[in-house]
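Got some structures for you, see below.
In what follows, chain A forms one complex with chain B and a second complex with chain C.
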Partner chain A sequence: MSNDVFEQIKQDISQNDIVLYMKGTASFPQCGFSATVVQILSQIGAPFKDINVLENADIRQGIKDFTNWPTIPQLYIKGEFVGGCDIVRDMFNSGELQDMLAEKGITSPRAA
Partner chain B sequence: MMISGLYGNHLDIKTAKTMALAEEIKTRVIEAMAPEVIEVINESHKHAGHAGDNGTGESHFRIIVVSARFENCARLARHRMINEALEPVFKKGLHALSIQAFSPSEYK
Partner chain C sequence: MAMRAGDIEDMIKAGIPGCVVRIDDLRGDGEHYAAHVSASAFKGLSRVQQHQMVYRALQGKMGNELHALAVHTTVIDDA
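After this line comes the complex of A and B, so read on.
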């Protein structure tokens, strides 16, 4: 995998608080797992940058190599890999994701 | 070899050849994780004709793994352990894998 692709990924995850590597776009997901993560982030009200891996074969493979993670979607928060659909859903259901986003100052703290 | 819960009610349409990937997932997870519980559920039929359906009927799986080796491991680490064990299966065409990973105490 070329350095250019990794550089692009590093730039995207450092310049955006939340980046979702997904199939399709936030407004038109093309995979159920990607759609689930979009739905969760939308419900929390967390703005995110969506990157459609179907539009770029280099990024599609590159993000798998970069994260060392075999599947899409992949969620990055503040430059850190959080997980795929299963982990994001578990963290949302337990409230950990909401707390993490609030702690990092991305969303407002939840009402008690 | 018959494994309960492997295909749910979709066993009827599977041939011996298409059993291969599910068997391999199970074998590799057993080798890597020595699980107390391992269930491999083929959900490929739910994604038939969608992106990632490669026509083999073995593209999308869900696994439930209960292993003492998950004790004191965060979610990400658990998933990485499974992904690592299944790397050869991903190379063979496994497209999507939903993972439920529990330690024995969490599963009770």
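After this line comes the complex of A and C, so read on.
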């Protein structure tokens, strides 16, 4: 995978608190798994940058090589790969995702 | 090309010795499964690392023949 794809990825995940590599866009997800993560982030009220991998084949493959993770969507928080749909959903259900966002100062802490 | 639940189970068991696997066929179309994998080998690994172990066991099928496999991992604590 070419270096400039990795550079583009590194730039996106460092310049944005939350980045979601997905199929489609936040307003028009084109895959159930991507839509689930969009819904979770919207429910939490966490602003994020959506990157539509369907518009860029290099990014679509590059992101999988970058993380050694074979599927889309992929969620990044403060430059760190958090997981795909399953992990994000599990973390949301347990409250771990909300706590992580609050700890990193992206959202306000959950009401006790 | 779809995959059979038994093939998925066999591959995961071969790739993660000693693990316990349950495959749920979510829609009966050979495309949508959930894999519940418990293993002591997951101990000390992050969720991402645990899932990557399952994907490695599936030898590149994840995201190709296997479009939709929901993965759920738990640690077997054999202390």
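In the analysis below, the second predicted complex is superposed on the first by the 112 of 112 C-alpha atoms of A that agree within 3 Å, B and C clash if a C-alpha of one lies under 4 Å from a C-alpha of the other, contacts with A are read in each partner's own complex, and residues count from 1 in each chain.
Going forward, contacts are C-beta pairs under 8 Å (C-beta built on N, C-alpha and C of every residue); 3 or more make two chains touch, one makes a residue touch a chain.
Please read these numbers as outputs of a predicted model, since none were measured by experiment.
Asks: Return fit or clash for chain B versus chain C, each positioned on chain A through the superposition.
Replies: clash
Asks: With the two complexes superposed on chain A, say which partner A:Q30 touches: chain B (first), chain C (second), both, or neither.
Replies: It touches chain B, and chain C stays clear.
Asks: So in the superposed three-chain picture, is A:K49 touching just chain B, just chain C, both, or none of them (first/second/both/neither)?
Replies: Neither partner.
Asks: Is A:R60 contacted by the first partner chain B, the second partner chain C, both or neither?
Replies: neither
Asks: Between chain B and chain C, point out the one touching more chain A residues.
Replies: B
Asks: If we overlay the two complexes on their shared chain A, which of chain B and chain C does A:W69 touch? Say first, second, both or neither.
Replies: A:W69 contacts both chain B and chain C.
Asks: Residues of chain A that sit at the chain B interface in one complex and at the chain C interface in the other, please.
Replies: 33, 68-71, 81-87, 90-91
Asks: Would you tell me which residues of chain B are touching chain A in their complex?
Replies: For this pair, the touching residues of chain B are 47, 50-52, 75-76, 79-80, 83, 86-87, 90, 94-100.
Asks: Under the touch definition given earlier, write down the residues of chain A that touch chain C in their complex.
Replies: 33, 64, 68-71, 81-87, 90-91
Asks: Which residues of chain A touch chain B in the complex?
Replies: These residues of chain A touch chain B: 23, 30-33, 54, 68-71, 81-87, 90-91.
Asks: Which residues of chain C touch chain A in their complex?
Replies: Within the complex, chain C contacts chain A at residues 47-48, 51-52, 55, 60, 62-64, 68, 70-72.
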